[in-house]
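Labels for the chains are A, B, C, D, E, F, G and H, by order of writing; each one numbers its residues from 1.
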Amino acid sequence: MEVERLRALLEAVAQGRLSVDDALSALRDLPYQNLEFARIDHHRPLRKGFPEVIFCQGKTPEQVAAIAVRLAERGRVLATRATEAHFEAVRARLPEAVYHPQARSITVGELPSAPEQPYGVVLSAGTADIPVAEEAALTARMMGVRVETRYDVGVAGLHRLLEHLPLLQGARAVVVVAGMEGALPSVVGGLVRCPVIAVPTSVGYGAHFGGLAPLLTMLNSCAPGVVVVNIDNGFGAGYCLGLIAQSEATTLP
Amino acid sequence: MEVERLRALLEAVAQGRLSVDDALSALRDLPYQNLEFARIDHHRPLRKGFPEVIFCQGKTPEQVAAIAVRLAERGRVLATRATEAHFEAVRARLPEAVYHPQARSITVGELPSAPEQPYGVVLSAGTADIPVAEEAALTARMMGVRVETRYDVGVAGLHRLLEHLPLLQGARAVVVVAGMEGALPSVVGGLVRCPVIAVPTSVGYGAHFGGLAPLLTMLNSCAPGVVVVNIDNGFGAGYCLGLIAQSEATTLP
Amino acid sequence: MEVERLRALLEAVAQGRLSVDDALSALRDLPYQNLEFARIDHHRPLRKGFPEVIFCQGKTPEQVAAIAVRLAERGRVLATRATEAHFEAVRARLPEAVYHPQARSITVGELPSAPEQPYGVVLSAGTADIPVAEEAALTARMMGVRVETRYDVGVAGLHRLLEHLPLLQGARAVVVVAGMEGALPSVVGGLVRCPVIAVPTSVGYGAHFGGLAPLLTMLNSCAPGVVVVNIDNGFGAGYCLGLIAQSEATTLP
Amino acid sequence: MEVERLRALLEAVAQGRLSVDDALSALRDLPYQNLEFARIDHHRPLRKGFPEVIFCQGKTPEQVAAIAVRLAERGRVLATRATEAHFEAVRARLPEAVYHPQARSITVGELPSAPEQPYGVVLSAGTADIPVAEEAALTARMMGVRVETRYDVGVAGLHRLLEHLPLLQGARAVVVVAGMEGALPSVVGGLVRCPVIAVPTSVGYGAHFGGLAPLLTMLNSCAPGVVVVNIDNGFGAGYCLGLIAQSEATTLP
Amino acid sequence: MEVERLRALLEAVAQGRLSVDDALSALRDLPYQNLEFARIDHHRPLRKGFPEVIFCQGKTPEQVAAIAVRLAERGRVLATRATEAHFEAVRARLPEAVYHPQARSITVGELPSAPEQPYGVVLSAGTADIPVAEEAALTARMMGVRVETRYDVGVAGLHRLLEHLPLLQGARAVVVVAGMEGALPSVVGGLVRCPVIAVPTSVGYGAHFGGLAPLLTMLNSCAPGVVVVNIDNGFGAGYCLGLIAQSEATTLP
Amino acid sequence: MEVERLRALLEAVAQGRLSVDDALSALRDLPYQNLEFARIDHHRPLRKGFPEVIFCQGKTPEQVAAIAVRLAERGRVLATRATEAHFEAVRARLPEAVYHPQARSITVGELPSAPEQPYGVVLSAGTADIPVAEEAALTARMMGVRVETRYDVGVAGLHRLLEHLPLLQGARAVVVVAGMEGALPSVVGGLVRCPVIAVPTSVGYGAHFGGLAPLLTMLNSCAPGVVVVNIDNGFGAGYCLGLIAQSEATTLP
Amino acid sequence: MEVERLRALLEAVAQGRLSVDDALSALRDLPYQNLEFARIDHHRPLRKGFPEVIFCQGKTPEQVAAIAVRLAERGRVLATRATEAHFEAVRARLPEAVYHPQARSITVGELPSAPEQPYGVVLSAGTADIPVAEEAALTARMMGVRVETRYDVGVAGLHRLLEHLPLLQGARAVVVVAGMEGALPSVVGGLVRCPVIAVPTSVGYGAHFGGLAPLLTMLNSCAPGVVVVNIDNGFGAGYCLGLIAQSEATTLP
Amino acid sequence: MEVERLRALLEAVAQGRLSVDDALSALRDLPYQNLEFARIDHHRPLRKGFPEVIFCQGKTPEQVAAIAVRLAERGRVLATRATEAHFEAVRARLPEAVYHPQARSITVGELPSAPEQPYGVVLSAGTADIPVAEEAALTARMMGVRVETRYDVGVAGLHRLLEHLPLLQGARAVVVVAGMEGALPSVVGGLVRCPVIAVPTSVGYGAHFGGLAPLLTMLNSCAPGVVVVNIDNGFGAGYCLGLIAQSEATTLP
């Protein structure tokens, strides 16, 4: 505990066990360590159950495995955008690692148990959007949040969506993953009254421009309460869902 | 009539009243005049009730009035993107002209009567999209098509749209006008089984880019049967609606 | 049948076999089930001869085959953007499947017979645009519409197009497929008086930007009656052509 | 009340006052009315203290005043993007209306009282971003949430931001409003562990492209927990902040 | 003549009239003066009849008048993008100045006489493109080239264009000015066999993006021989037309 | 010969060998055949020595070979964007075919002899731009024009360009091929007084956007007389150079 | 000196003059105060002669005047993008203020004297770029750097630039301001061997896109040593020039 | 030495050993050689220790090796964007060549020794940005400048950056390499008072658009003193750093 370390240092000075010069030297790095400490101090209690995360894309299997080993010493690990090859390298060193093929992710450590309430919902418009949706769901589950998923409920068949209205209306937040024209978040935003985290995907062709089309759709949503993350960023959406749903248990006494 | 002119020419040759050389010379320009003739010939019967159209934007009131006078000699006139000033100039010379402020359009000549069936529907997502929607509706009505309009039925309040389901499902084609994120055509496309003509509007702000956002949304629609016209192009959408609905009466015996 | 269920429920109330409270509770979920029912009810009669469609791109051969088997139980099947590998997987389970290499599509079930009138035309500007054009033609044919195709009639050699003027002017709608600068729909739109469904293709290079150039060209067409679908979306154009041409037989008595 | 109408109808059937056929007929339109009812039913309890909102941009003072009068019958009113002229028109009919010049907004009805916890924070990077920030803060306050604001704390002078670290780290969510390069949300996202709602503004010039630059910055943020709304959309950000902070009191028993 | 100056200098050295040091000093600036000289030397004979040009946009009437006075000492003057105000200021000091309102240009000095052959043609697709077309025509005429103009011959009415086929096929180069979708240059390029200089204009709306749409159309033209200048750059197109047509008389003996 | 056919037809009418009705029927198809004829008639004399062109990209070796054989019957053949595989297929059927690896082109038939004057120059800014430059040079040479090439004369080393000033200033037109920032055409345009045909290339990286950067540079050139073709379109530039240089010999007596 | 304050505090603890608790409390805010202090400490000595800067665009004259008064207490003031109205407001309160109309800037306090060496050069390609160039020059002069300016030396007339070669080659850094195609920095970068700070301007039209064209040109420069600032950002370029030229005197003993 | 050659020539003329005609002939090419000479003359003294550079991307190993051999005769060689294959080819002919895998570069010749002061710093925001950062560092070191590198100090963990504050504040210039949102240069620009050379990288996904996002971020930086180079252009940044740091020793006596 940084405050304790500081107090101990000052007491050592007060008691003559530490010279002023040595104390000065020890304090030299204080601001930044202090800053980090501050963050750890505030964050530690919030962090229980929160996984350390590795973004695998662009990293070699060996690099991912090495980072995973180091992080696994401190708790659960989540590795996103992971290939089978990444998983093989990780499992060779951490046999308890599990691969989630739909979410293209590796986890080390069991999923934390999640309370019934509050819960989140992750929707996907099409089947091709499922990998991004699964990444979002897994991320929030690693944060100890119960997540319900409903896939292939795009706007071209509204009845498929409306079936799930009660589930949606009871949620603490809804992640909506959609490629093509990305209209689903607006429709959901008009049906629920909780934050809707919209995730455009790169699923589409032609004037889709790699996800730009649904991204603009979502940013211009006429339904208030819709916020947006980067194209294909399931992790970011799930993380935000986790922050919103998780806090009620942790920040309220 | 070109065919008559041709026949007369050939008969003059047959009767020796015209030399072969003079006939050749007279035929020199035939192809292109012929082409024009062909088009008039084929088009004339389809054109009954179809208005001549003036795009007023960028034209002075005097220019619009002058064109309107000339066109009015041949039938109904529709002038779109017209200001009050345009109207004043036209009315000064054509007292029977009527201004449609919502549609920002001038008409000269009565609206043709329209049969009950087939009919078209024009929807707008928001109230700010109404001018474009009215332009579409007026255009199709000038072509002799019955048009029903329902406004402010955007996706953020689905129940407003679903109320009109029977009307939509009986239509020959539906024009859907939407700004903001432009999600409405996809939703309508999933509810009906007739062509949906989507019109993005420039209504929006920020990452809307003057209508680019809803344009991309509509082009990427996951609902088949959705076709798109240019941003704010109510006339084009109404014209296409007119072509689809009108033809059944005119091209079928 | 939903209406029957409703009637049974009301009769049970009328006969005292069901309390008002229980009836209320049973009605709670009605809207959304009802909605689904409504759509089937309205759509079923329109659907005769219409194929179920699979978009193969991004799906494995096994996935496509599994979906095809399920859909084939309900009628004709059309699978677009299909590779030879997709076809092999489908044929292994549905030996009557046929591959259309130019259209890159698989069909299961015979093409429905098509009346002489009304008919549609599909044009391509260049030879490289033919696959998209064939996809459009096949889609409309699967909807029971007669389709004539004329390829390589781009604007750089107008006479090739003008040869087909009578065919074009008799059509119920024309699909125009064009890459490069995409000027053909405007020219066609000036020659015919029926809807022109323009399909930009990704055929081109340099400042073509994967089809953006012809897409913008078509959206800005100065010829009224031109509507646009997404880049390379032959299916969408053919489907709309089918809706326009088919309806006359199906919606008029 | 829909439930009452339904119950009355069923009781009439039970009592023989209404035939089953007439009841069926009366139920025909139920789904969509029902849907609306469902939404009201579910939403009403959540809505306490939530203002009705008018987006003034593009509306005339008279239109805004007319809408405000109608909405004021149902509770508090918030009108954003309001000019002085809008305000004058509203005040003429609703003398209790208040104008908030920095937020460019009108409110009718007192701000609801807000609990100490949880609270939100709204930051702006520059002074020119303050109008958007004030709009966000006012929106959340109208939803009964305590909001602290700190302005002009951009990344070019980190110490100004770090001063407020404890305030930030205690917040339930932080809205970060930034124009220019839009780097502030990433920095804040690295310092706190709650959702960061990033609002790009159109404040900038040159390669800023009306807010596109900070929008892209925020979407690509390397700090997890950052979500984004449309350029200049202070209302949307404040609304989401309100949803996150407000729910704890309303959805937890 | 630079060579003469050099020879004189060397002869002065050879004859002892100039010291080596002074000669060295005189040669120090040679390269750059030489360059300028070279350009004048080569260009002067080509320049007969060629106007000096002022781009008025962004300049005050006074600035334009001052430059015009200076240039008028050396020959003809052409001032493009000129308003009436610019003209008033110029005429006050150069009473012989003439304003060309359609071309938005001022000329000082008579148009040079132009031979019958070779001649250029300037076409415009729409009436709104005429100012740019007139600027092009006036520029080439100021260079002593005969220019024929034909306006409002856009692709939506091919027969209007085909009428002028013989004129087009006899031209040395054709300038084609088009807004909207900009398809005309491709069609013209397929009909003639001389360079086609395409000028996109900013005339249009919606997905026209200030001329980007026709610009891309023209760059992607499938007709060889089409070259493109900047949006609305009538001067540049006319200048290039002038260079092509003029050279035959001037560079061939 | 169409005129002969027409004359024969008229004479048959004059002599009573053909009835007026049969003559009318025979004339029905005249316009379009006539149009085609007209084009051939006007173009044939201009076409001497002009190669038929195949754009190989996207075509199979077999397709290219088949087209080449057909075209070779009518004269010289030029096939651009050709790979070695294309060449092998062509040579198997046309042993006299020659491959130009730098220009990535195949020719069939000898290059026509070219007069000394007028000549064209093709410049490249960098060595990586040479393939596009060679394609331009080969195209013009196939049209019977003398072409001088100078490569790697980019603006970062002006002296390399200035060395060639006399050559440039004597040319009838200059093709300037440049990737990276594409500044070379502006510099050349300031040094010469003949048309400069600028070709942006896709050579570059980062904010080059596949050639968009030099394309915009060239379109905005402050040097008059600069016209632009599509990115990497060496053929188009060379063709235009050929049209400009060739015409003097062909259109002047 | 922070270290001294820390030492004093520790000594007070060591000597028993300060309790450990009070010392802890005093240390609480250390990091951030420390940070701020550190910046002042390090920066103060470097700041001599450096003006405080106000960006006037988007600020009212009153706001600018108020800020100017406050800043003037600490030294020189530079206000950029200032209108005459801004100046009037400032002069009313600071009579010694001077307006620089070309640079659209206000200064308060005399320009510092500048040594002969090292000096900077500011070039502009066109006359319309001069305001941005003057802003750059004034900024660097306010930092005590000698700045030479040469305007209207664009690439379309190389000899105008080459005239100034010796001046350029002796400079410590060169700011190059250019609109249109923005080719000048590349040419200058090939002539000098010092950093070239390129400033694109919004001067241009058509496919210039508000300065995007020259911005891309400059970013893709083939000449090493070219760095770029935002469109029209004369201040940023001048500031960087000042930092480069100024440091030699201030950071070297 | 060119001046000596000139003097010798003039003396030969003065002494009658050279005729005026022969002298004229010898002077013909003078301007451009002179220009080159001038550049060499001025540059030579600055160039000591500066490497010749090869951009390997798009060149074959053989081409790179051939250029390297030629350049190695004149001094040190730096080859950037080099693969292992490039290196093998170079080492086969220049055994002393060294490969720097992180910087993806080859050097020939020892790094010049670098003085302690002034020094540069190269930062990277993430680990994936290191190759670009290493390229920058190696470039500046080849120019004889001491470079310190600190990697993975992105804004999501400010304390990692602040640790290095003293190092940053003592630097002559700082290169900041960042992908993702590219916010680091703004933060660094607020902490130091020396030029910050920002390098956006293509590291990112989704709305990153290959580096466009951080590029715009950096161009819009609110911290003065930030200049930008092209995406991934580590060489350009390192070169500019070298120019800034190196000059103090070379241009000051």
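The rule is simple: a residue touches a chain if its C-beta (ideal position, glycine included) is under 8 Å from a C-beta of that chain, and two chains touch if they have at least 3 such contacts.
No experiment lies behind these values; they were computed from the predicted model shown.
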*Chain labels contacting chain C and also chain H*: A, D, E, F
*From the options F-G, A-H or G-H, the pair that copies B-E, where over half of the contact pairs coincide*: A-H
*Centre-of-Cα separation between chain F and chain D, whole angstrom*: 60
*asked:* Just the number, please: Cα centre separation of chain B and chain D in whole Å.
replied: 40
*Would you mind listing the residues of chain G that make contact with two or more other chains?*
31, 35, 39, 158, 162, 165, 191, 206-208, 212, 215, 219-220, 230-231
*What are all the chain pairs that meet the touch criterion?*
A-B, A-C, A-D, A-G, A-H, B-C, B-D, B-E, B-F, C-D, C-E, C-F, D-G, D-H, E-F, E-G, E-H, F-G, F-H, G-H
_Complex contact set, residues of chain D against chain C_ = 3, 6-7, 10-11, 13-14, 16, 20, 23-24, 27, 30-32, 34-35, 38
*Mind pulling up the chain D residues that touch chain A in the complex?*
35, 38-39, 42-43, 46-47, 53, 118, 162, 165, 169, 172, 191, 193-195, 197, 215, 219-221, 224-231, 235-237, 239-240, 243-244, 247-248, 251-252
*asked:* So in the complex, the part of chain C that touches chain A is made up of which residues?
replied: 31-32, 35-36, 39, 57-58, 200, 202, 210-212, 215, 230-233
*Which bits of chain G are touching chain F when the two form their complex?*
125-126, 154-158, 180-183, 186-187, 189-191, 204, 206-209, 212-214, 216-223
_chain E-touching residues of chain G, taken from the complex the two chains share_ = 128, 158-159, 162-163, 165, 203, 205-208
